[in-house]
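Below, each structure is written out as structure tokens.
Two complexes, one shared chain (subunit A), two partners (subunit B, subunit C).
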Partner chain A sequence: MAKWKLSKSQLRETGQGYLFMSPAILTIVVFLIGPILFALFLAFNRVNLLGDVSFDFVWFDNFTRMANDERALIALKNTAFYVGIVVPVQTILALVLASSLNAGMKGEKWFRVIYFLPTLTSSAVLVMIFMWMYRPDGLINTLLSGVGLPTYNWVNDPSVALISIMIMNIWATAPFFMVIYLAALQDIPDSLYEAAELDGASGIQKFWHVTVPLLRPVTAFAVIMGIIGTFQLFDQSYMFSGGSGGPNNSTLTVVLLIYQYAFSNNQMGYAAALAVALALIILTATLIQRKLQKDEQVY
Partner chain B sequence: MRKKINVGKAFLFIFLTIYAVITVIPFIWALSASFKPLNEILSGGLNFIPETFTVDNYITIFTEQGLFPRWLLNSVIVAVIGTALNLVFNSMAGYALARISFPGRTVWFIIVLAVLMIPMQVTMIPNFLILRELGWLNSYQGLIVPGMINATFIFMMRQFFVNFPKEVEEAAAIDGLGRIGTFFRIVMPMAKPALGAQAIFVFMAFWNNFMAPLIIMTDASMYTLPVGLNAFQSDYATYWNYIMAASMVFTLPVLLLYIFFNQFFLKGLSFRGDK
Partner chain C sequence: MKRAMWLKSIGLTSVFLAGAVLTACGDDGNNAVDGGVNGDGDGEEEVTVRLTGWQSSPTEQRYLEETIEAFEEEYPHINVQMDTIADQYMDVLQTRLIGGEAADVFFLDAFEAPRLIEAGVLEPLDSYVTEEFDVDDFEEPLIEAFRRDGQLWGLPKDTSTLALFYNKDHFEEAGIDTPPETWEEMEEMAKTLTVDNRYGLGIVTDLARLYFIAESQGGEVTVDNQANFTDPNVIDALQPIVDMKNEKEIAASPADVGAEWGGDMFGTERASMIIEGNWMIEFMEDAFPDVNYGVVEVPTINDNKGTMAYTVSYSMNEASEQKEEAWQLIEFLTGKEGMEIWTSSGLALPSRQSVAESLEYTDEAIYEPFIEGTSYATVWADDTNLPIINSNFENQFVSAFLGDQELEEAMEEAERVANNEIDN
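Let's turn to the complex of A and B:
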């Protein structure tokens, strides 16, 4: 028992430790851990918030309902399509841009400053600028028709609306990953490239056989960050469609659907179940990445 | 041999230049529109230099669009207070996790790491209900308090303080400073580079956040700029001159931060890239 007795200085350390931790602990408990437990509770209940607030325990009803919810399936399909296109394109673009910049280019700093502009800018501002450029008689259609290419109704045609968001977000996000690639590229020792040159490797061969393999851990990081980010697509879909996910559900994403159920349709229980399902998807992706990265430690 | 390399480099330079133009054109186009009268914008011309240069759009959004200055003020209040609290609280927690030995320290460190992985969509619905119970919907504290710490930066500050020279604190102790005095008067001022990176990223996160204010602020006078801008666009869909002027005002503070603190940005990013 004597072991449990803390000396005076230990007691003081403990008090100071918790004093320093107290804002963090309070916020984590009230706004992170508490809500997670609360979300799990909500996911198994039918929740009514209008009039008399009530919670009815409904077992797995909210989860089985997803399989028959046509809009949930559309949202999942849209989100998967979005993730499947945006993640590879933005990652490859980021790698190509970073490698080009790293080739000892004049004005590297200026390119970097310019490329970083979209990362700084709020999603709301980017959406405003693009919605305006995407207008039927806007800048993009004017330029396209000027060089004889077909024009589109970017925002209101269900078959291109999601693609319009993809183009905008690839444009906005690729430079962020480029900066991460650039930092990693600058750590690759020149001697490796010199050795490859002695072996007669061309520029493209060096890129393919030296740069790409050495950057695999960074690529894994960029891919998983990309997956996490793209699965959570909300702001752009919401603003493009005025909150509806339209036209014809073409920009409806999982998070937008969760938002609609929770805050427009008063179905918080079902919305919470969808959120838990989304979190599990994202968590699985994260854990797979952690595992892959551990395997990469040999580098 | 040398010539071949130069051709390759020239090709890369052209590629990078084209991409830079693609990146910068939307911003220049928006900036130029913010100085054009509406009829010039709608005429469909491709001139980047306004034919009729005017600052009326800016004057109008500040004087006649009653809520715009309010949204700007709301954004500034939330972002500035939120950032200040984050700097102090994240550093305190990071310092405790790195330097103070107290029972439960490992557990809390693991919890901080675990919290990093929680997507905000899971907590947003319960948080809405909690804030509703607290009566904090449509209030500044409703946006600030749930975001007043950030697990990423607690972790970053911990890594920073782990490598912090012990001698500095020992010297402070000899001079008779207590732990709290040492932390605020000696340790924090020496943590400036880490705090700089943190300040920029936290400020940007508050400033640009769309979803949290959309959910928490239902009264138009409590909107922050992103939500206000979106509401404005829905109501005045054809007034692109005002929308672009508002967008430029909105972007300027972050742009200035970026220009002045460029080196912190890269530090913060490379930290995030360190997995």
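Let's turn to the complex of A and C:
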């Protein structure tokens, strides 16, 4: 009650605080909060920006339209499939790579650097290199046929194009999480392993019952960041398909669809509605993940 | 969550905020008025006109620069500032138009034109055209593509048509003396020409290439600005293409053999015949000078000649602040003199009859089928929804072409999805 009235000195102090924060607040308002509010505004409007600019408030039309939009459903299905495969695989791969590097091999530091290189490569460069390797007469098919395995038309066959992108992204992203795992692994005290050894645990048992549980917070982090990152797949599929999401919509992702509606079809309102829907989907996925893994949050 | 929002903030701020800021700055910069500071003595202010286009080869760029130089010589007070958009031309152009940052004059493909005309961002050109300019000299179907609501929204800078390229060496090996004249002959020859790692015919599966074939049996691909792929006549016309690939195995698309495009497929000798445009002549000379090839008109279907014509206009930005000078630039580039310099490259064919008659190419035999084609070609242009119809066709036709589903099913699906998208 009395708290509502601030004394002069308190006011000055508060004012000073906000003054010091003002550069940050201004930046956040202009570049984060403003655009978010504007995106929400757009999502409820039919927007035309080309020529005569118009905003018609259409309530939930943009959202109901999604249910009938075939391509939105395909995009969502593709994206979900992509997330479902890439997140577990890259997380497990990162853990395996990190444990192998933590085992105290010779030249461990070198391997760490080498493993990390793909993460440092720009995704555009990566896609160019992979598309070249994915050619029907390219490196990957040559290797496959060399050992007697079937070859694929990696880029142009609708049934494998998305898988090609998955392989590429797992290869590029796993090392990033590997480094995080590695840092966490080095934090696990040796005494725990010694205790496990005294109890007669084997190497595999130590891994499953000591290492994995102690890495749970890091795993949670890796999974959430992975989900967020993979749901937003755009640049790779954009480059792979030249912006079309083809062949046969097989590499169409939600963000690519948003881009197409916003910049090619001039339907900014619907694009914003899709973006809001995507944000909600990611939020839900993250919340479910948090629920499943309640303890030891570190993020 | 936060990152999802970031994505939006990046996308949206770049359009709205940056767009708004840039407009403000751009308006000052655009005019670049020298105000006669140089004291040229002619009393005219120096004006900068901006021109946006794309560029498919360095040669093309050279010829365009040459044409522009000739223009600047004739109009010393106008300074042309050219910039090229390397990729996703329409996306970039639209975004610039929205942001008020688009050039005074830009290239516009006939296929995309209706949408921009409807949006009202183009300047109608009728009031600028003079008697002397001679609009009637343009090939009727080409200029027609830029007419809408009784007004003219662009002038075709040139045209390109399709013809059949065939590899003479392969023909000789197979013991075929003359190139095909009818579609049946071509299929027959493709069969003979197909050997283990080489296909008789290369097929580009875009609607932009297949449109005239699809309509060759009397069907119509679009009706009332909607997709009409399920017309039995359209399906009948397209079925032979799919059969050549799947049943007869005598044809393939560039993607099937890992080629970037038709020229790549033909140049690396993975196809003995291919229907491609006149742009391929220069490419073959540069990249595959050793391939011995000939060009003939596209084989007739049911005794009817047919091919596609593509055309691009110079159109004026409605928001331009120097419309008079912008028109002078368009007038020169699409006028007889400018077009002659530009099309002498052979990269594109003239859209004016008078220029087509006067122009002489060194390698007449190669260019002739393309020039012949302009008289009976179907122009790749329709109405505002053609881009949507086109992308849905491509998506589904590819799957039929790959043998994943029957053509009829694919076309039903394509039509349904396209028209659903249009209705929204």
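Everything below uses one rule, namely that the second predicted complex is superposed on the first by the 263 of 299 C-alpha atoms of A that agree within 3 Å, B and C clash if a C-alpha of one lies under 4 Å from a C-alpha of the other, contacts with A are read in each partner's own complex, and residues count from 1 in each chain.
Note that a contact is a pair of C-beta atoms (placed from the backbone, for glycine too) under 8 Å apart; a residue touches a chain by one contact, two chains touch by 3 or more.
Quick caveat, the model's predicted, so the values are computed rather than measured.
Contacts of A:153 after superposition: subunit C is touched, whereas subunit B is not reached. Contact with subunit C, but none with subunit B, is seen for A:52 once the two complexes are overlaid on the shared chain. In the superposition on chain A, A:36 makes contact with both subunit B and subunit C. Using the contact criterion defined above for the overlaid structures, shared-chain residue A:213 touches neither subunit B nor subunit C, since it reaches no partner. Of the two partner chains, subunit B and subunit C are each touched by A:255.
Of the two partner chains placed by the overlay, only subunit B lies in contact with A:183; subunit C stays clear of it. Look at A:84: by the touch rule set out above, it reaches neither subunit B nor subunit C. Shared-chain residue A:278: touches subunit B and subunit C both.
The wider contact with subunit A, measured as residues touched, comes from B rather than the other of subunit B and subunit C.
Overlap of the subunit B and subunit C interfaces on subunit A comprises residues 30-32, 35-36, 38-39, 42, 49, 137, 228, 232, 255, 258-259, 262-263, 268, 272, 275, 278-279, 282-283, 286. Residues 13-14, 16-18, 20-21, 23-25, 27-28, 30-36, 38-39, 42, 49, 97, 100-101, 103-106, 111, 113-118, 120-133, 137, 139, 142-143, 171, 175-176, 179-180, 183-184, 203, 217-218, 221, 228, 232, 234-235, 238-239, 242, 255, 258-259, 262-263, 268, 271-272, 275-276, 278-279, 282-283, 286, 293 of subunit A touch subunit B in their complex. Those residues of subunit B whose C-beta lies close enough to touch subunit A in the complex are 5, 8-9, 12-13, 15-16, 19-20, 22-24, 26-27, 29-30, 33, 44, 46, 85, 88-90, 92-93, 95-97, 100-103, 105, 108, 111-112, 115, 117-130, 145-146, 148-149, 151, 154, 179-180, 183, 204, 207-208, 210-211, 214-215, 225-227, 229-230, 233-234, 240, 243-244, 247, 250-251, 254-255, 258, 262, 265-266, 269-270, 272-273, 275. Interface residues of subunit C, counted against subunit A in their complex, comprise 1, 3-9, 11-13, 15-17, 88, 90-91, 94-95, 97-98, 115-116, 118-121, 255-258, 387-388, 391, 394-396, 398-399, 402, 404, 417, 420-421, 424.
Only residues 30-32, 35-36, 38-39, 42, 48-52, 65, 68-71, 135-138, 153, 155-159, 228-229, 231-232, 243-244, 246-249, 255, 258-259, 262-266, 268, 272, 275, 278-279, 282-283, 286 of subunit A touch subunit C when the two sit together in their complex.
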